[in-house]
Amino acid sequence: MTLVPGNSLLTETPEEGRELAIAIARKTIGAIQPDADTRHVLRPGYATNADSLTMAAHVVAIEFATIAAANNYWRT
Amino acid sequence: MTLVPGNSLLTETPEEGRELAIAIARKTIGAIQPDADTRHVLRPGYATNADSLTMAAHVVAIEFATIAAANNYWRT
Amino acid sequence: MTLVPGNSLLTETPEEGRELAIAIARKTIGAIQPDADTRHVLRPGYATNADSLTMAAHVVAIEFATIAAANNYWRT
Amino acid sequence: MTLVPGNSLLTETPEEGRELAIAIARKTIGAIQPDADTRHVLRPGYATNADSLTMAAHVVAIEFATIAAANNYWRT
Amino acid sequence: MTLVPGNSLLTETPEEGRELAIAIARKTIGAIQPDADTRHVLRPGYATNADSLTMAAHVVAIEFATIAAANNYWRT
Amino acid sequence: MTLVPGNSLLTETPEEGRELAIAIARKTIGAIQPDADTRHVLRPGYATNADSLTMAAHVVAIEFATIAAANNYWRT
């Protein structure tokens, strides 16, 4: 199983870093609940609940903080 | 889809950094729930629930922490 | 709209840094729910619920962490 | 109102840093809900709920992280 | 009891770092609830609840942040 | 009351650092709810609830992040 796509935290741009953050968060969910059918069943309830969306965005924010630090915030 | 408006974490001022934090958080919600109509339906319930607002502010706080570090806290 | 009062994270003292953390958190709530009447309606329920208060204190703690780092923890 | 007792994040020891973290978290609750009677009413329900206690410990953990960094982790 | 497999935060790759983050999070649950039968009973309910999965992914994200910092983000 | 056993964040190994993180988290709960009987009553409900366990593991993760930084991640 791949948990970190590309096996690197380094990206060219913040945009790609953000995409990686979302991907990593999703891979973690896949690792904890490997059954794709179950994840598919859960999606509608979760994607139509504001607090569930906020909780998911929270996780992405934390993953992104790590990726941004890894890339020295793409300062140059 | 744009996840990081301007594709940079660098801003001129803390105020602009804060605006970026809010924008990034919203873009993430849009990435997880791409249907604008659904997001529109969810907004009234969420925007009139104190805990939901606090949860959203929490995410903004984390995004801002990353942006502030990227900008060396606008110290100079 | 002002999101960061004074447009700076720098304060003279930890006490002022803490006040700024609270102010920034409140400004974020105001940005998400701009209607002051709605915020006013929500306050009693939220301010008399222990978990809601803890959640709010949590956000302040994160904002303060950023402000404290910006000020090099007021070490000197 | 005092939000940071002693108006400093520096302490002699980790133990004192931990006490300060708890004190700062409590002061924040006091700032958000200034009425001592209300806080007193809320305490029994909150102090006998495991999740409420965990949430409170979470906030202390974050305040302590800031204080520990301020003190260079009391390494010497 | 082992809480940190290998007793080190250093890994060769981000992928291994991510695996370690998941392992450490699970070991903590095992430390708090040492009874394997109880953990087994809890798993179906938790693994089929979207918010529970998000909460778990949140913990993994925080463990990974620590591991990534320990490894200087596997930059070289 | 002791909040930080040994009054130091420095440990020989990550494993000991993890044990300290758990101990510190527990001491905080003890500080907020000093009555051991109450804590004893709460334990079964909390230890058999997956989300409660995840919330507790979350706090341990944050305490560990601080301890790991204090120990320079036990890199050498």
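A, B, C, D, E and F label the chains in the order they appear, each numbered from 1.
Criterion: contacts are C-beta pairs under 8 Å (C-beta built on N, C-alpha and C of every residue); 3 or more make two chains touch, one makes a residue touch a chain.
Since we're looking at a predicted model, the values are computed, not measured.
Between subunit B and subunit C, the least number of touching-chain steps is 1. For the pair subunit A and subunit B, there is no chain touching both partners. At the interface between subunit C and subunit D, under half of the residue numbers appear on both sides, which makes the contact a different-residue one. Comparing the centres of all chains, each the average of its CA atoms, the largest separation from subunit C belongs to E.
Centre-to-centre, using mean CA coordinates, subunit A is 31 Å away from subunit D.
Put simply, the C-alpha centre of subunit D and that of subunit E have 27 angstrom between them. In subunit D, 51, 55-56, 58, 62, 65, 69 are the positions where the chain touches two or more neighbouring chains simultaneously. Taking subunit A first and subunit B second, the full cyclic order of the chains is A, B, C, D, F, E. Within the complex formed with subunit E, the subunit F residues making contact are 13-15, 17-19, 22, 47-51, 53-58, 60-62, 64-65, 68-69, 73-75. Only residues 2-4, 7-10, 24-25, 27-29, 31-33, 38, 41-43, 45-46, 51-52, 55-56, 58-59, 62-63, 65-66, 69-70 of subunit E touch subunit F when the two sit together in their complex.
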